[in-house]
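You will see two complexes here that share subunit A, one where it goes with subunit B and one where it goes with subunit C.
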Partner chain A sequence: MTDFLQLLIVGISQGCIYGLIALGFVLIYKATEMVNFAQGEMMVVGSFIAWTFVVGMGFNFWVGLSAAMVVMAVFGFLLDAAVVRRIIGQPQFSVVILTIGIGIILRAGSGMVWGNQPLTMPTPFPGNSEFFGAVVGNERLAIIGTTVLLIGGLVLFFRCSRWGVALMASSQNQLAALYSGIPVRFVFSAVWAGAAVISTIAGTMLAPITLIEPLNSFLGIKAFAAAVIGGFHSITGAIAGGVLIGVVEAFAGAYLPGARETIGYIIMFAVLIAWPGGLFGRAHRKKV
Partner chain B sequence: MSREAVLSIKSIETFYGPVMAVRGVSLEVRAGEIVAILGGNGAGKTTILKTVSGALEPRKGSVTFEGRDITGRYPDSIARAGMGHVPEGRELFPLLSVRENLEMGAFSRRDRGEISASMDLVYSYFPDLKPKTKVQAAYLSGGQQQMLAIGRSLMMKPRLMLLDEPSLGLSPLLVSEIFDILDRLNKEQGTAILLVEQNAHMALKVASCGCVMEAGRVVFEGDREKLLGSADIREFYLGRKSEGARGKRRWKQRKTWR
Partner chain C sequence: MRVLFKQSYDQDIRIAKHRGHLIWYGLLLLSTLCAPLFVGSFYLGELSRVMILALAGLGLMFVTGFTGQVSLGHAAFVAAGAYANAWALSRGWPSLAAIPFAGFVSMLCGLAVAVPASRMSGIYLAIGTLAFAIIVEDGIIKLDGITGGNRGMAVEAPVFLGFRMWESWQLYYLCLFVLVACIFAVLNFMRSPVGRAMIAVRDSEVSARSLGVKVARTKIFAFAVSAAITGFAGALFSHYLQFISPEIFGVVLSIQLLLMIVVGGLGTVHGAIFGAALVGLLETGINLAKDYLPPGIGSQPGLEPLLFGIILVGFILFEPQGVYGRWVKIRSYFELFPLYRRKTFVRQRSYLKTDRMQ
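The block that comes next holds the complex of A and B.
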């Protein structure tokens, strides 16, 4: 029982990380109909930058994380404004290749700047907590807490803020948004900035547990699977898909050691066979 | 006729790839006026509106809005300058509520009090929308969607509204209701309107002048009386046959204007 609880909590926290990266996929896809395959790499670069501020320059963890978020927001915004936007109107295939290319550049670039050796990051949440006999690292709990806060903030943003509604409007009908005077190009670049910031938070919260290295970007592929499971449409879907993969992976790691790395994709295929639109897919199709 | 032009289009040419859809059209809309563009399918009417509102860029010619050259500017900045475009087929935000759709129309405005005054105004013109405030736009009927599209555009307090086939797919009763409202809007708010219509009968009820397009060119223009008096328009757009035993031959002779 304690094993079960422990695996469950660890799985949920790992799943939150997948979910947060998946959220980046979903936000960009919903707004711009592009799949950003560089999402995992953005997470790695974000955590490297946070490492530079925290370990390299000796800032407090939170100051370093905030600074990294600002840097990555600017980076994400400019990436869209200067590079990605130019490909609008080209076939989907070009978009896929472009973002994969950006991912490779980011991965190789971060290897050149920060090296390919894993770097350690101190945690602001040392120690462990005990629940009914299950012992879980506080940094794991912090990930879950951060995710909950972040999701709450995002839901409020989409419900209540002018810009949040404008973002949904732009994603539902771009032309009408333009005719309504919404600066759609700015909104889309801001979405890229937001996705970069969210993955920076995910990467930096995870950094004390897994260390930071360019190879971490492969988490992005699992997050992609999570987004697909969630239906690629909603915040809830992304997080639910991520948590599902995280939990199953944690249990597979304990009881089916060989299957740990593949089980996430197996679930993705199983979900796609049973529910082609994903678990949280929408019946309301977009008119093209 | 001394009123100044809100919009003036000077010999624009617009292409879809290699296809020339508008072949040198000039038009003027003066303050507080309703101008109708009539013509069959593929005549280039919608293309003109899209060129004016910035969704398409003309290869030649210029568009001037309230004395400022807006040729080639982005549609969102043209909208913020005070031009509302109600596109063909309504183009709402399907998953947003009626209220949110209207709020998005006022995106560029800041004053909350004025925005809610505008919202009351929209509800007073379209009382049908009032009970649907919280309903998603996708679940409205066709007529209500058209009303919402016009209402959303009103929310930005435009000095000029471009309306693309507001009668499309609506019952005759609703069409005349919509045109009544357009007429009231024009008289009460002083909004100038550039109207594209296939329903010439309705359009000429409200418009003070207009033009007929064919194959990308303006082939006939004038004020309402001139348009209504023209035998060609009566035949082809208003559906009134001219009398006479040789009506059929006449129809053939007048098939083209050029």
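The block that comes next holds the complex of A and C.
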């Protein structure tokens, strides 16, 4: 029973990381109908920048994290404003290729700047907590807490704030949103900035568990699986998909050693076979 | 400027449209046939690698460029072909049986992914095939008894009529033969009803269906043939490498293949060849240039992927039709000399439209 609880909590926290990265995909996809294959790489760059502030320059953890979030927000904004925006209106395939290319550049570039050796970063949540006999590291609990806070914040943002409503409006109909005075271009770039910030948070929370290295960007593919299971349209779906993969992975690691790395993809492939548009999504026919 | 007079209906589906085609492609074939006389064994090896990449790119082009089904998992088919070939040779099969066997095994893999994939579209298909490739890579590691798992597997030299072919020029001719045969096969497919059906599916599924094309069957066919061609490439690749291990056939190879056909020019046979040539030249060029660059830059392991990424992004932004598209523009500039207009090549067709309900 304690084993079960422990695996469950570890799985949920790992799944929250996948979910957070997937959240970035979903935000961008919902707002701009683009699929950002570079989300995992953005996470890595974000955590590297946080490392530079916290370890390299010796800032307090929270100050360093905030500074990294600001830097990545600017980066995400400029990425959309300078590069991605140019191919709006071209087929989705071009966007996939473009973001894959950006991802390759970011991964190779971060390896050149920060090296390919894993870096360690101190955590502000040392020690362990105990629930009914299960011992769990505090940094894992912090991940779960952050995820819950972020989702709550995002849901409130979309429900209650003017910008949230503007964003939903421009995702539903760009032209109508433009006519009603919403600065659609700015909103799109702001969404990219938001996705970059979320991925920075994910990467920094993950740092105590996996260390920081360019190879972490392959977590992005798993997060992609989470987003696909969630259906690409729903914020809660992304987190649910992430948690599902995380928990199944944790249990597979304990009871089915050897299947740990692929079980998430097997689940995703099975989901796609059964529901070609994801669990929470809708499959569409292409128009003529 | 050349004006073609239509004199028969067959003219539309002829492979060589006019005498110029025959002369230039004949010269190209002749020069590739004579290349081993003039080129050293190192560059012969590089040429073989370019041809293997071109073959794999041709396979991917068949399903992505001609049928519009984006696949991010073609490394799985390369792997299937490579391992099937290596296994067959280790059991003492001759290459005349082993290479078709590799294509067959790869085609079975293609069918396994195509049947569910024929229901997916767009981004779900891309990510589904990516997951399939990761599962296959893991499966190769798990099938320790046949594939040697993580330790890898040595590949014997090709055997024809009892002769072992160790030399690089022999591999070169083998690659050339398979590549030319596959190009002809693809060209013939594309002028047959099934090829026309594939293009119809790419351009609009709904209109293809309403014209009586069986969409699912066409997609499955395209995947199977594409996997078989890629499997041949895998078999040749295993001979080129002489030692295969699972990490060669990872996600990176899938992405590289996709990159190749996009940079080369999506939707044309030329695109696969140009893309492979560009990628091959770039790799060789970087390796040669490393000696001349300052050591701080030349020894960086990320240099090559960085350049790839920049080239890829540059092509998508500035020349979405790839090298072949640019070549067509340059050629028609000279053909039409004072009359060339930029608007001639404004893009009309797209391969993947929005999947959101309007």
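The rule is simple: the second predicted complex is superposed on the first by the 281 of 288 C-alpha atoms of A that agree within 3 Å, B and C clash if a C-alpha of one lies under 4 Å from a C-alpha of the other, contacts with A are read in each partner's own complex, and residues count from 1 in each chain.
The criterion applied here is as follows: a residue touches a chain if its C-beta (ideal position, glycine included) is under 8 Å from a C-beta of that chain, and two chains touch if they have at least 3 such contacts.
Just so we're clear, the structure is a prediction, and the values are computed from it rather than from any experiment.
Q: Once chain A of both complexes is superposed, is A:168 in touch with subunit B (first), subunit C (second), both, or neither?
A: After superposing on A, A:168 lies in contact with subunit B but is clear of subunit C.
Q: In the overlaid three-chain picture, which partner chain does A:197 touch, first (subunit B) or second (subunit C), both, or neither?
A: It touches nothing on subunit B or subunit C.
Q: A:232 in the overlay: touching subunit B, subunit C, both, or neither? Say first, second, both or neither.
A: Touch partner of A:232: subunit C, not subunit B.
Q: Does subunit C touch more residues of subunit A than subunit B does, or is it the other way round?
A: Here the partner covering more residues of subunit A is C.
Q: Is A:182 contacted by the first partner subunit B, the second partner subunit C, both or neither?
A: The first partner, subunit B, only.
Q: Can you give me the overlap between the subunit B contact set and the subunit C contact set on subunit A?
A: Of subunit A, residues 284, 287 contact subunit B in one complex and subunit C in the other.
Q: In the complex of these two chains, what residues of subunit A are touching subunit B?
A: Subunit A residues touching subunit B: 162, 165-166, 168-169, 172-173, 175-185, 284, 287.
Q: Could you pull out which subunit B residues touch subunit A in their complex?
A: Listed in rising order, the residues are 53-55, 74-77, 79-80, 84-87, 91-96, 100-101, 103-105, 107-108, 138, 152-153, 156.
Q: In the complex formed with subunit C, which residues of subunit A make contact?
A: It is residues 33, 35, 83, 86-87, 90-94, 96-98, 100-105, 107-109, 111-112, 116, 218, 221, 224-225, 228, 232, 258, 261-262, 265-266, 268-269, 272-273, 276-278, 282-288 of subunit A that touch subunit C.
Q: Touching residues of subunit C toward subunit A in the complex: what are they?
A: 70, 116, 119-124, 126-128, 130-132, 134-135, 138, 142, 204-207, 251, 255, 258-259, 262, 300-306, 308-310, 312-313, 316-317, 320, 347, 350-358
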